[in-house]
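Multiple structures are listed underneath, in structure tokens.
In the two complexes below, chain A is the common chain; its partner is chain B in one and chain C in the other.
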Partner chain A sequence: MSLVQIATETVTSAVSYVDLIGTTTDDIYMIAFNNVQPATDATQLVCRVLVNGNPDTSAEYDRAGRQFRTHTSVGTFAGQNETFTYLGGAQSGTNTSETNQGNVYLYNFNNSNEFSFATFETITTDYAQRSYGLKAGFIQTELQACNGLRIYFSSGNIASGTFTLYRQVSS
Partner chain B sequence: MSNLRLINETEVTTGISEFYVNNIFTDDFDIYKVVFNNISTASSSSCNLFHRFVDSSGIAVTSSKYTFQTLQIRDDGVSAQYRGDANTSVSRVLSDLSPEGHSSTNWIYNPTNTNSYTYYTGQSMSGISSVLRMGQQICVLEETSKITGFGFFVNGATTTFSTGVMRTYGLRVDA
Partner chain C sequence: MSEYGYIPEAPEQSFGNNKGIFNPKDIYDLTRADKYTNYGQLELIETQNITGVSSTTFSNLGDYNVHFLTVNDFQPIQNGTDLRIRFISNGTEYTGSFYQRALQYGTNGGTFAEEKSTTGTYLRATFNTGNATNEKTSSYTYFYNLLDNTKYNFTSHQISNIGAGSHPEFYMAFGSGVQTSAVSMDTIKLYNAYNNYEADISLYGIRYS
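Up next is the complex of A and B:
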């Protein structure tokens, strides 16, 4: 099994979002990101699917999974009919290593006869230096072809980070 | 060529109770996939394996900077949780005498970046004493030292490793 790079963006000065475009076949895709830090304190990493390069803002995002928290017990991560979905398990910050990293597998994004699915594992140091993780998934429940993912913070800009989209191929 | 590059494959040395592989993390990659397969131990009783990182001097990091959480899901429907905010290692996965044992896939982020903590997430399956233990882990090593290796040890040195392999892949980003 191989991963072939489709798109990448490294943020070194503030931007409001990163679009990773290129889920144009029926293969499985993977996004990896690391060192993703906000420009302002206490804000959470989120995403939306892209349709023809435009973020889908309809209330069609459902999510489920577990929220890992090193200072307390494992929590439930769930939501229905939201207008975006979360990638970060907590609000990250601007101090040392208050960043997000993780990987997201994308399924059926190119298939307009199926919903768009994703599974992901992420890990975050929050604005109070606590550690969180998500092991979860989301479904965008519209029958449409999606050509990528927009990643951004729930408020403020992305100050730094590397985001890469790969296509999973069989050889 | 795949952007996921195999950079090291190391077999377990039979008879040791600590299994670390060093010089696998370099500045060439920021993200790594580390796969443990067929990790078995010599005792017929199950044992606990605790993860640690290795610093650039080749020494396993034992400072109280590991913050982690493990969700252990069992085949009897029971689950257990282990966590800590200032530990000297990461508790825990399990192993046992072959053909039982341990396998896992772990993602490690930013190990050699001295402006960042080192992060990992992992998913494992252990067969022990005719039962199953599925593990979900997260860990942050909350120090900005350069980390160049990874592995685990048998807690309490109650037994030794018998078989197994650790494969490390780097996830390349082409500019």
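Up next is the complex of A and C:
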């Protein structure tokens, strides 16, 4: 078996964030999440790397990606020197199925000699019931060992969702 | 009661041949021992920690319909170059214009474009990567039908890397490719066209995909 579950959390009552901790080897890790919905309408799913369990708030997050939208043309998704980075391609909502789902591959999180990389794909139904697919990546440009990822909304709490961290065994 | 609900002795368990009643711990233990039937799981074939070569091959493809390749910390000697894919069958490397590819890339600075070819001689495993400290690429690629001599060989991939520009210049890229010979391939070749490179590369098979 090459995909080992490291941590999982199912949110059924509101929490301000979910910490997935356990990127403690040099393997590649994968996070899968689904049915992630905010408690506050029109807010976007975001994340920060964890260093010794604490979120890194420094302005060292860069991102690039493409949004695929059902109601209009393809959009760009880019930013640099941000204090967090986005996982959702749009602001999700509190009505039925206005949720986020996706997977995130984490590279070099345990390696203090390299930047932390991620590739991710997410699908979001926004607060106006429009669908946004997002294929993207981000880096956190500080040479440090990160032991996980904090996932939260840009405002308000997480109302529900399931989050799982896996280690992809490479030896 | 002994293991898996049997008295007094449990039958031998193996993939595709499980007997008994399993609790969560049984399933966990059998899965770790690769004895629990779980279609679609990733199975590690080989990991190569590469340094100081311009080319490497993965020649054990097992019997999988779908393969999954991860590349971590790819860095070329030649600045701004990529890691490329070709296929080999019975010792013959397919070097001609058999490869078609299309990918979309973008930067943290907001530059987005496409890269495509209908007459390529390779597919991409990474995008163009810098050679300065910490300029690396992480990516994954799915391979479909490599062992099927009646179908084309398809790939899809997603890439996250730092290019040769300033800031650092962060790139994302995603795309697909196809090799249009209906030939059973037995080897994946990963090479840099200009000089040596380093990378940690793992090849997995997806069981019963």
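To be clear about the criterion, the second predicted complex is superposed on the first by the 168 of 171 C-alpha atoms of A that agree within 3 Å, B and C clash if a C-alpha of one lies under 4 Å from a C-alpha of the other, contacts with A are read in each partner's own complex, and residues count from 1 in each chain.
What we mean here is this: contacts are C-beta pairs under 8 Å (C-beta built on N, C-alpha and C of every residue); 3 or more make two chains touch, one makes a residue touch a chain.
No experiment lies behind these values; they were computed from the predicted model shown.
Q: For A:N34 in the superposed arrangement: first (chain B), second (chain C), both or neither?
A: A:N34 contacts chain B only, not chain C.
Q: Once chain A of both complexes is superposed, is A:Y127 in touch with chain B (first), chain C (second), both, or neither?
A: So A:Y127 meets neither chain B nor chain C here.
Q: Is A:Y86 in contact with chain B, with chain C, with both, or with neither (first, second, both, neither)?
A: neither
Q: Which partner chains sit in contact with A:F109 here, chain B, chain C, both or neither? Use first/second/both/neither.
A: In the superposition, A:F109 touches no partner, neither chain B nor chain C.
Q: A:Q101 in the overlay: touching chain B, chain C, both, or neither? Say first, second, both or neither.
A: In the superposition, A:Q101 touches chain B alone.
Q: Quick one: classify A:F153 as touching chain B (first), chain C (second), both or neither.
A: In the superposed model, A:F153 contacts neither chain B nor chain C.
Q: Touch check for A:L3: first (chain B), second (chain C), both, or neither?
A: both
Q: Does chain B (first) or chain C (second) touch A:F117, or do both, or does neither?
A: In the superposition, A:F117 contacts chain C only.
Q: Figure out whether A:A64 sits in contact with chain B (first) or chain C (second), or with both, or with neither.
A: Only chain C is touched by A:A64; chain B is not.
Q: Which chain A residues are contacted by chain C in one complex and by chain B in the other?
A: 1-3, 66, 121, 135
Q: What part of chain A is in contact with chain B in the complex they form?
A: It comes out as residues 1-5, 8, 10, 32, 34-35, 66, 68-74, 96-97, 99, 101-103, 121-123, 125, 129-133, 135, 162, 164, 166.
Q: Can you check the complex and tell me which residues of chain B touch chain A?
A: 1-4, 30-31, 67-69, 71, 81, 83-85, 107, 109-110, 113, 115-117, 119-121, 123, 136, 138-140, 142, 144, 171-175
Q: Show me the residue ranges of chain A that touch chain C in the complex, using the header's touch definition.
A: Residues of chain A touching chain C: 1-3, 28, 62-66, 76-80, 105, 107-108, 114-115, 117-119, 121, 135-139, 141, 143, 168-171.
Q: In the complex of these two chains, what residues of chain C are touching chain A?
A: 31-32, 34, 38, 41-44, 47, 70, 72-73, 104, 106-110, 112, 134, 136, 138-140, 158-162, 167-168, 170-172, 174, 200, 202, 204
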